[in-house]
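There are two complexes below, and they share chain A, which is joined by chain B in the first and by chain C in the second.
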Partner chain A sequence: MRSLISGALLSLCFLFGSAHAALDPAVLQGFASDDFGERLAVIGKLGQIGDDDARRVLEALENDSLAIGGGKVLIYDGEKAIDAASGVALDAVPDDIETLTVNNRMRTAIEAAKAGMALFSADTAVRLAAATRLRDSVNPVTLPLLEKALSGERDGAVRKVLALAVARGNLGSDDVAKRLAAATTLADSGDPAVLALLEPRLDGTSEPDATVRAAVSDAIKSIERRLAIADAIGTVFTGLSLGSILLLAALGLAITYGVMGVINMAHGELLMVGAYATYVIQGLFQKYLPGMVDGYLLAAIPVSFIVAALVGVLMERTVIRFLYGRPLESLLATWGLSLVLIQAARTIFGPQNVQVDNPSWMSGGIALLGDTVLPWNRIVIIGFAAFVLVLIWLLMQKTRLGMFVRAVTQNRSMAGCVGVPTARVDTMAFALGAGVAGLGGCALSQIANVGPAMGQGYIVDAFMVVVVGGVGQLAGAVWAAMGLGLIAKFLEGWTGAVVAKIAVLVFIIIFIQKRPQGLFALKGRFVES
Partner chain B sequence: MQSRRSFIKALTLSASIAAIGLPMGASAADTIKVGILHSLSGTMAISETALKNVALMTIEEINAKGGVMGKMLEPVVVDPASNWPLFAEKARQLISQDKVAVTFGCWTSVSRKSVNPVFKELNGLLFYPVQYEGEELEKNVFYTGAAPNQQAIPAVEYLMSAEGGSAKRFVLLGTDYVYPRTTNKILRAFLHSKGVKDEDIMEEYTPFGHSDYQTIIANIKKFASAGKKTAVVSTINGDSNVPFYKELGNAGLKATDVPVVAFSVGEEELRGVDTKPLLGHLAAWNYFMTIKNPVNAAFIKKYQDWAKKNNVPNADTVVTNDPMEATYVGIHMWAQAVEKAKSTDTDKVIAAMGGQTFKAPSGFTLTMDKTNHHLHKPVYIGEVKADGQFNVVWKTKEPIRAQPWSPFIAGNESKQGL
Partner chain C sequence: MRTPLTIRFLTSMPRSGWLALAIFALVAWVAVPMAHLMLPESSPFFVSAYTVTLMGKILCYAVVAVAMDLIWGYAGILSLGHGLFFALGGYAFGMYLMRQIGTDGSYGVNLPDFMVFLDWKELPWFWVGSDSFIWALVLVVAVPGLLAFIFGYFAFRSRIKGVYFSIITQALTYAAMLLFFRNETGFGGNNGFTDFKRILGYDITSAEMRLILFGLSAALLMFVLLLGRYLVTSKFGRVLAAIRDAESRVMFIGYQPLWYKLFIWTLSAVLCALAGALYVPQVGIINPSEMSAANSIEIAIWVAVGGRGTLIGPVIGAFIVNLAKSYFTVEFPEYWLFFLGFLFIGVTLFLPDGVVGLWRKLFHKEIGRAEDVSAPTPPPKSSPPPEPAVQSASIDAKGAAA
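On to the complex of A and B.
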């Protein structure tokens, strides 16, 4: 419908050609001025004119294609220039053409002007966006516009936003009834900026009417309550998000160290291998399947598992299997392996970090009340951590391999006696741990930097989680990861990131002294002394 | 038996290392050795690798024109791996073992502080190419980056101006080390002098390599919702900037609401970020790649060609930035000073440096101050464009003289010059 109308308008313009002087060139001339205020004023005027020609000029300005040349305001796309006022193409591009620079202040004004025009669009989504945009910056110029839009608006969601916007504007009205209605409406808001508007209206000098004051105070209370809830959800969410990252970093280690008893210092590098595998898959998709680039991550999940698992098998077969039961030697050997892997990555991919992009469906977030936004990439990672956890649990509890691994862990010689191929089970279990680390690396590539030494930053966290959780327990790792994530985030909101990091480590030192066996301890005969 | 064999192996190995070492020393006579001390790995590699590249390119350029005093320059590249004590070790190695005439290097202030005593003790010469916090003036160091009054203070003044959005509340966000802490101390004193109260300033620090900015961004949003226009001044350094800007984009904090002005983020750092959600966020520097003048066009072309020729990773998308320009200017000025002094002797070169001029890619002829070892530099403020480049929205009319001792820190009144 809307395109039909604008199409009709456009053809009208063509029909009348240059005879139809769309915009008064004098209006645009302010753009040529050196005075910043004057340029802002032109944007405001264009917003009030509000027709398609004004919109075209504003859009050109926004896209850095409005230019001044030969004393005229032009739309210049790098090749040919069009007179912005009349829409007529120039025969030659003037030599002194210079593109107008747009800064944030002007961009804000452009957005407001465009939103004013879009308030009466036929598209509900466009109207909603415009109303939301204008809600945050109501002024005496936009208020009548918003009131007019509100009276003609049918859509419930848009009405709600418009009502809030109008209420904001009416808070300073001379009419007591309008102020009262505004305060009552604003009680539904979840925006902290509204609080800042309401709070000064609590005293008698700025708000003479007692009933309005009471309504304002009620509105403040209800907004504060809503904000407190949103805030708490936000903190818990960031805590869970950090917890899920710790868990993904530690799950593989919970198998190799927790279950098999190998102190694997190269665990962080297995994460790195998974992250680089993701990077390579992204590159392949960009090169060969550019249309499906957003799907690269799904393909990267199995690949990062397999690649990291293969590296794990290689490590186990060549080094670690000779060192079972000798923790100190395996510690040193795996540390050496970690250096080898870091250097290998540096040689193959270069010492600099590589860029792994979020697929577009992982960018942005869900806006909760007020300022709380839950970013998609973090939501996806929390879900992914849960998925990996379920996968491992099923593997360990429901498959033959899982049963063998548990049997070997509990009593290696007895398992061997009853025919369990312990050496092969070791390899498989180590490969599983390494593969899970690869999955962790794939997830980490979405939020952290991918570089050769990235694993070093996670090895301490991973051991922290496994040791606090209790060696040999997957459930322990889950509780420890989530607990540490939440503690770290609550502390960070309170003390800052640097102190929070120290405080968590101090907490762990004290915890381990009081409870060396961790949160969940294995009990029974099989625990080797 | 086993141990004896390995002992013999070790012996031959060390002998062969010694043998390799000998001819290197012998060839030093007809070249001038130049040390390059930049992290090529670790958290700072994102920023410093390009400086090593541009230094090598500049040395090639000088050699192609006949070298300095008729001698070729011979670069000696070492990697201190973002490890601050290792910087001091490598600096000592460059001066005492490799006998370099001059060293170009360091990015973070903590690395510079770590090598300063070495250059002082061995009377070496260091050219430091990055903006920093000031509060320092070493005889053995030339600072080709900006002092606070050539970057931080103009940037904050811009944010407070009508054009910059008339910000009234400020978040000072940085990595936890000497540069951000000192800069923020200066900025806080400056803001006080402009009538901004302490409750309108929020100061936050994160460790090096920090990658979880959720809480901080939530706090910034909360701080910004108090009704006054808020701006963020970021002194985050190294690869933490990637997760910071990613989170900023995901949290929907747009530059038109809360602009972020960064002092350590340039074209190179933004290569690792999707810049579409960052449109309009700011950076303050003394040079931007988008500045249009013939010297800059030639500089960019030279570097792009060099990158292709030397197979730099992603050579077709390489960019130039401010510290790269400062490195380029520094090496050329040093070469001019050596020609003037007719010697590479540290003291003679230092004497010849004052008053050197060079036509820089920033569009001005830059001068080395006669007394304070800093360049006079123009200031530019740019907004991030969708392609990761910067749109210059404000600039000074001419180069500004550096004030390494900020007048906003008490007790600095008496400190001027060396």
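On to the complex of A and C.
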């Protein structure tokens, strides 16, 4: 790899001559002309020279610090002047010094020249970025540059981008073969902008050759197909991501509601507690472990679980325990708890939203075709939801506590009769549900606002998931969350977010009429009270 | 049993109840207007405009609370959607109030300001007729009534009850709130309706109009109390209580609970809407936040504080909570949520029968002699005594459903 890079460097030196010699003053003299065309030509030449001196001159020009004085081109920062060609500082600033004005065309040209230089950089990432930038604005000046870069490029990803860029430029070429090749190459693109470029070429006046027209039409179809696929993938992905958020918000509720029949209206506030726990951990890391800030999230996961679980135990021991079997009253009391928690958060952390930053490894995303990007933070959340789900599943299926919880869910009095300590199971299950809500809050802090009232926005959604899924069913909650997430996102495509949300709620209301027990009812015969 | 309706109606309440009602009417219709209009501001008996509006507002809340109690206390159905019906009534009447602004809006066009702002040229179809007072009254009753009827029909037919019903009513309210928040829905979006000027051509800010609205609110409350009293002492009310306590048994006996529940549910919604329609001109604004989940749940706490399954309880509860609210939000705004939160918890844990239940427990009064059920509420109290038949409703007194 190293030898490859140095080889590339070497060839660059051969291409442009020795790198560190001063610039030829004759090249720069074009700047002294009043003709903008000539100035543009100088910029182009500088771009082709491409060494550090040329870059310095271009940057000076861009920053409005290139000036003409005493018949020379100078870099002038307001105090002292440097000869642009030789890089030698002048003893005195000439009296007739005058800064060059830069118009928009010149700025574009400077941009292109700088990008052209970057095309031959030793760093692959820089080359890729430059190629991508140039691809979107190919013009006769940059086309030869791109062609040259393509012929010397070894990296596959950069080559792909360069090929597309060249094809774009060649689409308007006079050579039929070149146009045909360009159209065929462009069929591999996934860029809506290319589509806009191709579409005008379908009619006979702008494209006289029939075979090229056919190729263009094929290319358009292929691009459209690819864009549609990317779009669908993007929608499914956002749907799954929304579903994971719903699932994280609802899992804890599925446990507490399923096991105890307690409507916990303060569930949203347990999410909030988890999110604030994450915020506090972030603050501690920033203060005491600034070198490991990116790792704060890993520490926040167990902490948010524990803090929310403790709050949950406190709630269960002091209030909810006395309301078993009185679901409507527990609804009111837990609503009261939620108000107290909200106000407590306001008193402690202030009424404003607090800032929770994504760790750097969660920013950015995987770019699909077109405008579709799968952001890392969403991918992480989907993974995290799956992780939490597996964790709960293991806990419920493989541990003694899980067995007790399932037994109490199915038949409380029978479980009590065979010696299950139901009161303790209740506390443990409630703590578990609250802790899972805390985990959900930790996840939400990465993608949503963290504020005292944040939980209120999720409570209705979380209930919908539990109710649609069927009470006491983890599988039901998963299907319901993913289903609702996907439906909401697909509807959003043609109705807009708010109408989609309303439609989903109405759908749920109708669904409940048909299946009051939810998607997955517990098997068995129950007598309604 | 063939007693004429009027007699049945009159005997549904003991004489002391009628007396209390008469005193309340006298205070609301004579004493308050005189104190507001005739006394000088320095007089200790002077009633300020702020107080009249506040009391008028709370009277509307009291109506909502009684309506909620009819469905929750007597039929055992906890609705978290009453905020929606209240707001719909308010919106329906608000449309009329918006049209009454006429060309006095900030754009000087005969269109509500927000429509001008959205660049709409004419009224959307559902605003047709909104300049008629009668049509507004029709809408106030019909829209929430119809919505409640349809929703209730399907929900009760599928035998959705208890917590499930509460949650889907909450979902309904939430969906409606989202809908009304949209500008394109045509009800002013975020800001809703405000800046009202006139009712029937009369200035809405005048002292007389204020007193009329106050008097109407008092009248509505008296009407709702009487109607409620009549209903719960009738055979209908007994079936309702039976459904609340053991729905399956009632069905096995041969009653169809659907129609009983549906009637009381729709009636309750319409009463809420009427209260909303009176509330909006007094407060001067209606916006979608009236439909938030918090508002609907707060209605439930008024009822719980006062005492479920009694008719006077919700009125007392509405006054206690709302007076406390206007006191706290002025004096200690940061503690209001703490107070409200602990009120929710405390009442459900320690006062399952509310203030009325506490009163009965403390004084073991003979039922029927409790007109002076006094709560720390300064305004005149109409206190029909707690009804004899009601065994302070704790819906799930049968113990854990486990």
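Please note the rule applied: the second predicted complex is superposed on the first by the 414 of 529 C-alpha atoms of A that agree within 3 Å, B and C clash if a C-alpha of one lies under 4 Å from a C-alpha of the other, contacts with A are read in each partner's own complex, and residues count from 1 in each chain.
In this section, a contact is a pair of C-beta atoms (placed from the backbone, for glycine too) under 8 Å apart; a residue touches a chain by one contact, two chains touch by 3 or more.
What you see is a predicted model, and the numbers here were worked out from it, not measured in a lab.
S.K.: On the A-aligned overlay, A:T132 touches which partner chain: chain B = first, chain C = second, or both, or neither?
M.R.: In the superposition, A:T132 touches no partner, neither chain B nor chain C.
S.K.: Which partner does A:F36 contact after superposing on A: first (chain B), second (chain C), both, neither?
M.R.: In the superposition, A:F36 contacts chain B only.
S.K.: Could you say whether A:V498 touches chain B, chain C, both of them, or neither, answering first, second, both or neither?
M.R.: Both partners, chain B and chain C.
S.K.: A:T427 contacts which: chain B (first), chain C (second), both, neither?
M.R.: In the superposition, A:T427 contacts neither chain B nor chain C.
S.K.: Classify the contacts of A:R346 with the two partner chains as first (chain B alone), second (chain C alone), both, or neither.
M.R.: Both partners.
S.K.: Kindly list the residues of chain A that each of chain B and chain C touches, one partner per complex.
M.R.: Shared contact residues on chain A (touching chain B in one complex, chain C in the other): 346, 498, 501.
S.K.: Can you list the residues on chain A that touch chain C in the complex?
M.R.: Within the complex, chain A contacts chain C at residues 261, 263, 265, 319, 322-333, 335-340, 342-343, 346-347, 412-413, 456, 459-460, 463-464, 467, 498-499, 501-502, 505-506, 508-510, 512-514, 516, 528-529.
S.K.: For a test of understanding, state which residues of chain A touch chain B in their complex under the given definition.
M.R.: Touching chain B: residues 36-37, 64, 101-105, 107-108, 111, 136, 191-193, 195-197, 231, 234-235, 238, 241-242, 245, 346, 350-353, 355, 357-358, 363-365, 367, 370-373, 375-378, 447-449, 451-453, 457, 489, 492-493, 496-498, 501 of chain A.
S.K.: State the interface residues of chain C toward chain A in the complex, per the touch definition above.
M.R.: Contacts found on chain C: 78, 151, 154-155, 157-160, 162-164, 166-168, 170-172, 174-175, 178-179, 181-182, 248, 293-294, 297, 300-301, 304, 334-335, 337-338, 340-345, 347-349, 352, 395-396, 398-402.
S.K.: Using the touch definition up top, name the residues of chain B that touch chain A in the complex.
M.R.: Against chain A, chain B makes touches at 40-42, 45-46, 49, 162-165, 176, 204-207, 209-212, 214-216, 218-219, 221-222, 225-227, 239, 242-243, 246-247, 249-252, 255-257, 259, 271-274, 277, 280, 282, 313, 383, 385, 391-393.
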